[in-house]
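Take a look at these structures.
Here chain A shows up in two complexes: once beside chain B, once beside chain C.
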Partner chain A sequence: MSLVNKYDAIVIGGGHNGLTAAAYLARAGKKVLVLERRYVLGGAAVTEEVFPGFKYSVCSYVVSLLKPNIIRELMLPKFGLELLPLESTFTPLDNDYLLRTADEDQTYREISRHSPRDAETYMRFGPLMGQIGMAVRPILETIAPNIMRPSLSDLGAMKKLLNHFKTLSNEQFEYLTKLMTMSSADFLDEWFEFEPLKATMCSSGIIGTFMGPRSPGSAYVMLHHYMGDIDGAFRSWGFQRGGTGAVSMAIARSAEQFGADILTEAAVGKVIVKNGSAVGVVLENGDEYQADKVISGLDPKLSFLKMVDESDLPSDFVTDIKNFRIRGSSGKVNLALDGLPNFTSLPGDGPHLRGAISISPSYDYLEKAYDDAKYGNFSQEPYMDIILPSVIDPGMAPPGKHVMSCFVQYAPYDIKGGWDDQKREDFGDTVINALARYAPNIKDIILHRQVLTPADLESTFGLTEGNIFHGELTLQQLFVMRPAVKWANYKTPITNYYQCGSGTHPGGGVTGSPGEMAAKKILKDW
Partner chain B sequence: MNYGNPFTARTQLKLSPFFERTSELNESQEWRRWSGYLAATNYELTHENEYFAIRTKAALLDITPLYKYIIEGPAAQPFLDRLVTRNIGICKVGQVMYTPWCDENGKQIDDGTVQRLTDQKFRITSAEPNLEWIETNAIGMDLTITDDSKTTAALALQGPNSRAILNIIASDTLDNLKFFWMMETRFGDIPVSISRTGYTGDLGYEIWMDPKDALSVWDLFMDKGKPFGITPTGLQALDMARIEAGLILLDVDYISSRHAIVETRKSSPYELGLGWAVKMKKKDFIGKKALETELAQGSEWEFVGIDIQWAELENHYRNVGLAPGLPGTAWRTSTPLYKGNKQVGYATSGCWSPILKRYIALAHVKSDYAQSGSTLDFELKVEHYRKVTPAIVVKTPFFDPERKRSCP
Partner chain C sequence: MDRYDSIVVGGGVNSLVTASILGQSGKKVLLLEARNQIGGLASTTEFSPGYKCNLVNDVVKWIDPRVLKKLDIESHGMELFSPDVVRIALDTDDQHILFHRNTDQTAASISNHSEEDAKVWKEFTKYIDNLTHFLEKLYELTPPKLPDVGLKEALSMRAMLTPVRKHGTRGLVDLLRVVPMMMPELMDEWFESELLRGAVSAAGIHHITLGPFAAATGYNLLHQHIYSDCVFHNALFVKGGTGNLAETLLKSAEYAGVDIRTRSTVQSIDVANGVCSGVTLEGGETITAAKVVSGLDPTHTFIKLVGPAELNPSFFTQVRNIKYRGSVVRIHFALNSLPEIKGVSQDQMRTVFSINPSIEYIERAADAAKYGRISEDPYVEFTIPSVINPDFAPEGKHVLSATVQYAPYHLRNQTWSEELKVQLKNNVVRVLENYIHGFSDQIKSFAVFSPLDLEDKFGLTEGNLNHGEMTLDQFFFMRPTMSSAQYKSPIENLYLCGPGTHPGGGLHGTNGFNAAHEILKQ
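Moving on, here comes the complex of A and B:
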């Protein structure tokens, strides 16, 4: 084997977390290689021109949780990170609508049109969630300790966290406890009365999760989405110019500038394990690469049940990974449009098309959508989180044309009879019909449609069962339990084999955080 | 609507020829004064989309309030060479030069652009009225000076999509127009001049026209520019962009020596980071002697960028249980800079840069402390208490995209 194929570290998977880990390792002077199976980098944070002239943020479509210190330390603005504001949320209803914008007065007036009480409460709710976010942040920024056999630094980290919790106000503590345990619907019921407002707010508690708004635990997922950190302050969502793939590309260019090598169309077949220690990888085409450390950016199922042999792992760990819940619950429909959708309740162009469009008229609507999924069907009337990227960034489509990104829930991975081409088309039709209820012209302006089912998300992007978070963000799978107890600190039972994907602490979303913290842990251990 | 108040905006302040459109589009009805004109602060209720239009799409700004003078005649070029610090002798027809100008003591009066329209005809722009200064210095010279402030209307079209929009509207391609050059063309049957200039540090153009064509040109832009994300943009967004571009603003970052009252308020071009624009090889110009002395002895002050360090700033806020509370818009409050216990400078304008994800400011710093990379302490008020937080001296511009100068 030639010396060229010997690296300090190899990262499996060029998703945004793998690239982040690679960038940090390269920044520390390590010789790093990233191996990506597809022709394009980014994993699920990818932009592709699926239909000529139209760019789709194929999977992940908005950015809010990307950590500010990563942006600074990897100098991402220099490499193309440009986050555009996406600050309105439009909930079309059958004969009316709810529109929240970046302007407080406008939003107050609009909500009070439906409920004066809610309008007032709303002004207090955002800042409170911001404070709760601040309270949780130290947990997210701590490398999860091994609570079974804590090291000295683990004990230090735990003590630091305990001290932090002592500084929380009673209010912060109360709401934090509630958010950790309640359903998002119950939690919001304590605050608001206008159903479409509550339903739209609680929808961030079900995104990517196989739970309904009334399922306990969904409130945490809502909080997870509230920790948006754009611009350093606690803020809402943004859209990357050029699509989410441009975030990954910015990280990749940063990594390359620090000296990392990145290969695409280089699918890793297996991690080479010798005497309980990872020593390299072998590609599906037979090429071998050696490395002192191998880091998997894949989800826990792939990292441990595919990339290595079960026999190399302790059986209790294998059981934990097998039990790790990773059920996919969502699909994605991307549309190329000849014009703008025209909403019956708020016709024409306007600020309501510049942000999120949420099909979430009521709790019952969402819960019924979940009911379908529970019994193995996709939702007949699905929840949707929609954006029109080309309205925010005209470069996403030819002049005057548009692209539309629809995140659709629920679409269970385990659908009755399994997913096939017919079911995919049926699912696509259902989505368009649900949309046409509020914007009837949609059917006439579609130039191209890309429908991704959980099965497609698995086969194309390597997301096991199509789960966008590499595993559900439920309490039993967070922090010291993600992905398994004792192994939440990015290490694995195999020496020199590490993990850095969304299946590790602090979880999913385009945060870069697992990649960053894994790299920092690896460098500490080196 | 008439509220019975005879002193309406229409009578108090000048209205630009674009006002009929801008006043309709200004949803926030927030206006600032700019040279006695009503100028939109922002069109939407918040300025963010307008800021991002400058950096990622195309922003349309009414810049008519700029003071403009036409200087024409056989002596126009020699006169301008005497007036300003740049070398106008080498300015070709169709070229534009940014330049400061000074008093006899080498202290800066104003800054603007000089356009060479023909061999003997120039247009100079300024932030403040300069007619009296220009006329006084031109006594006896073979030239005419015309105040062009009201006879030419102007729009700025700034941002990465600006060229694409102009290429659709103009009779001639903009592809060959280089940075700081200008051209004559037509929009249909409307004659316009287009200079590749601006106050944003981005790809951008300024369009100069007869005020009678103002509304037609505005409508053309809004119509043809729509698919490219054209956005009417106000001064709040512009202020952030010009700070990112490291471009100074009169009366904010410096005071005209003609209005300074006390000596310490005056600055030379060297002290404003404009040393590059002072051409000592020129025969003579107003302030040359004093500037020669300053150049030989070294300047007392430098004008620099500072990068206020985020992690430390965030800690200040975390200590009081809050997320960092920065203003969402650019600030213009003079803010002390220290080295140890000694004040060594002051920042004059700053903002959180959404595109750079950095907290930046422009500052006057005593030369001994102004080396790039050195750390100063920036004064910060956190919950009513004064704190200091580290800021690193950096070169400007903070933001300098390749597209600003490049041609396709």
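Moving on, here comes the complex of A and C:
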């Protein structure tokens, strides 16, 4: 006999969105249970000591998009949220480098060194993108209406958005349209000329997507990454003290303080559906829990094709979910280092190691990396977004030692011949070699290496196809279409079954937004 | 010289349509064409002694029914002909996929490659057809000026929703899904056969610079199938050559009282203080008119003919940022005999052939353009127009006209030299030889039209056949720019009617029709 408990709401998955939803529901007085399959909370926002003494932010490695109101409402600083600013973006080149820092004057002088025209433009570009980001925010904060059969409140929301758009200037509207549709390379070409600057800026348009810088649609992803907001400072990325997992832990502690129960090593096998309504879950070990509402923080494929039976869903919805694109394109290499990497173009320690290091010397470099993946191989010369957390937060590694987080593209989930141990090692070697081109000492200081392929991201973290956003951020998978039309409002065709993961509006990143908005929708419907 | 009500600059399809409609409304209209013949991209011409070709378009994908009716095209003598087999996707093992007008027959042909694909073919054509009905309505509209949409604009946009009655909101949703898609995404939802996936995707890259892996190739695919009535890869041949379409439009324009002058190159569109007063021709002749309508592309119109000094800076920037990047080359071969393609009967030669073994094949061809090179193994689409029009070649001889992608206008570390053209021709011949045994021995002569040639000969900026890329950032209210998408330019009395406006490229005449409608409203 399994233990039967009754909750107001059960959240499947202890990722940061699931935890956020749980915290908001608990905060509203609901009795909530979070069920996490792994031994540790956080999902892809997790810190683990994979190698003794060295803490890896295993997957997600920077925080910028976490919404300020969530931080406030869930009192996250009280529970350990502490974001340390990333001070710079460093692009090493073969014989030179580009270093942008938080200091505007310094950045102006540095860009001028390469292109005086770009330095001028750069100062105008940031504020404009800030404005566009602000212009998009109301969309991100709107529960996506059901456009097939809008309710009264849906119509109200649509009207509000229309009125909002009317307040935009022609220029803002034009750039917004362009950002929604263009390639990041084309968009930046309209502004800048210095290739490494453009390539590094456009790289945020390819992160997590299966697109190249010249692929139309990548400009939107760039905008998505521009919506970062730490303490009101726009487009500033931060590193969480103790690693990204500490963000999840802060949310979890907050949820618990509001009265939520959290169970780890509790893998949900199925949602129990009776007469078209979710009534609880059954764990893989047979335990059952009952609840008035079941909320899935998993991606849409798992939420609808695994957690429930297809027969409980309308067939057009099943088709939509099957057609939902979720191709993973990135891998992660985490390193434990005996010292600091020494970059040929800018030797020694310095501010360039205290921020993001971007291996993005040119559009072609990125585009060729994408070409490899298009045809089913990992990039021979991959794009990388690197940080050295231990430089910013010494607690991440033993004294004098360091951890290095390399986010790597492209590594297609559907690699020719499939991923295996050999390919994983080859991929790791390729990454190290690409890095050694700019920091040759890297090979001598590696104490431990963790390589995560998209297949690993899927098997370990439950990210279908290893997609870090729970679904690609393409135009046809945004807002009212995410993850499927009619069901973009966190509800599902099954009564009392909800979704709150990154596969819902407004998409991926450590934002907490889907979790928050789902909880608010659920509370409204209650 | 009489003062005209309107001067139409350029003698392509859309210019002729606009001129005719204005003429029909009693306006005094002058049409000016730089070349010695009208027709623009719809021209038929001799490229080698005794051999004729359709310069750019061998087939017409669709013609706006409003144009057919308004200009009474049929009574002016144009005959369209659509073969039973509209396209043949060639297979190295001679298991070609034949796209028939009849979907069941197409399905039967597909079944040689995949039973599963054959089963869903009819459903697929219906699916695409549903979506095009929404675009048909959208194409009839003058785009609104965003973001200031008033009640009036909102009401006019309502027409777009009328297909909902027949096709449901689901149709509209599917449109929203498919328009931004890339070809592999759409194909993954439907088909498994590599050849079929490649052959269908070819519609998504028709006359554009991007490869099938580019978002919104879904839109371009739909654009090719407006009014195609479930016939995928619909192809209409104009009897006597595509030039006859232009000839017919010319007759219609003359009938409407339009004055036509060829060999009249406009040197400048004359603007002072933001008001357009007429044009000046090469040679110095100035012609004044109440309105000037340009059928040329926006960059040609504004940068070259009006001049940057007369443009406000933000509009100048917008125009300068329009993406052209032509990468389509036409190669015409004069042949000593009719090419033989195994598995294709003589009857079936009156069609469009395409070489697209897989989506990846086309994408690799597009990769080259990305890096400023010509494709080693290009995507090739070809027709043998001499089979349809015997007067295209001497008795027993033939013409093969190929549309080749990708060969970019913007090359890196090389220029469009004669050697490069020959190199591209050789690449095409090598690819064709895989399907036409002994093809190189049949070639008597050839002519290559690079994007640079197209720019020089037709005034097409960067050789782009669509007068601007067919991408979502240059679609509807953004085409050609947000400030000039209503066929009216920011300059008083200067209008646009070419493919650079909504709804983009092709020989359909919709741009010209919509433009005339707007001009008459003023």
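We adopt the following convention: the second predicted complex is superposed on the first by the 520 of 526 C-alpha atoms of A that agree within 3 Å, B and C clash if a C-alpha of one lies under 4 Å from a C-alpha of the other, contacts with A are read in each partner's own complex, and residues count from 1 in each chain.
Everything that follows uses one rule, which is that a residue touches a chain if its C-beta (ideal position, glycine included) is under 8 Å from a C-beta of that chain, and two chains touch if they have at least 3 such contacts.
Note that this is a predicted model, so its numbers are computed, not measured.
Applying the stated clash criterion after superposition on chain A shows that chain B and chain C can sit side by side. Within the superposed three-chain model, A:R354 lies in touch with chain B and out of touch with chain C [touch as defined at top]. For the combined arrangement built by superposing the two complexes, chain A sits at the apex of an angle of 130 degrees to chain B and chain C, based on C-alpha centres and given in steps of 10. When both complexes are overlaid on chain A, the residue A:S315 reaches neither chain B nor chain C.
By the document's definition of touching, neither partner reaches A:N95: not chain B, not chain C. Residue contacts after overlaying the shared chain place A:Q106 against chain B, while chain C stays out of touching range.
Of the two partner chains, chain C is the only one that A:P216 touches; chain B does not reach it. By the touch criterion defined above, A:E174 lies against chain C but remains apart from chain B after alignment on the C-alpha atoms of chain A.
The overlay of the two complexes leaves chain B and chain C separated by a minimum Cα distance of 16 Å.
Overlap of the chain B and chain C interfaces on chain A comprises no residues. Of all the residues in chain A, the ones that touch chain B in their complex are 68-69, 71-72, 76-77, 81-85, 87, 101-103, 105-106, 130-131, 134, 167, 169, 231-234, 241, 351, 354, 393-394, 399-400.
Partner chain A is touched in their complex by these residues of chain B: 44-46, 48-49, 52, 55-57, 161, 226-229, 310-311, 314, 318, 321-326, 352, 354-358. Residue ranges of chain C in contact with chain A, taken from their complex: 146-149, 169-170, 173, 176-181, 185, 188-189, 210, 213-216, 314, 318, 321, 323, 360, 363-364, 367, 370-371, 471-473, 475, 478, 482-483.
Every residue of chain A that touches chain C in the complex is listed here, in rising order: 147-149, 162, 165-166, 168, 170-171, 173-174, 177-178, 180-182, 186, 190, 211, 214-217, 316, 323, 325, 364, 367, 371, 374-375, 474-476, 481, 485.
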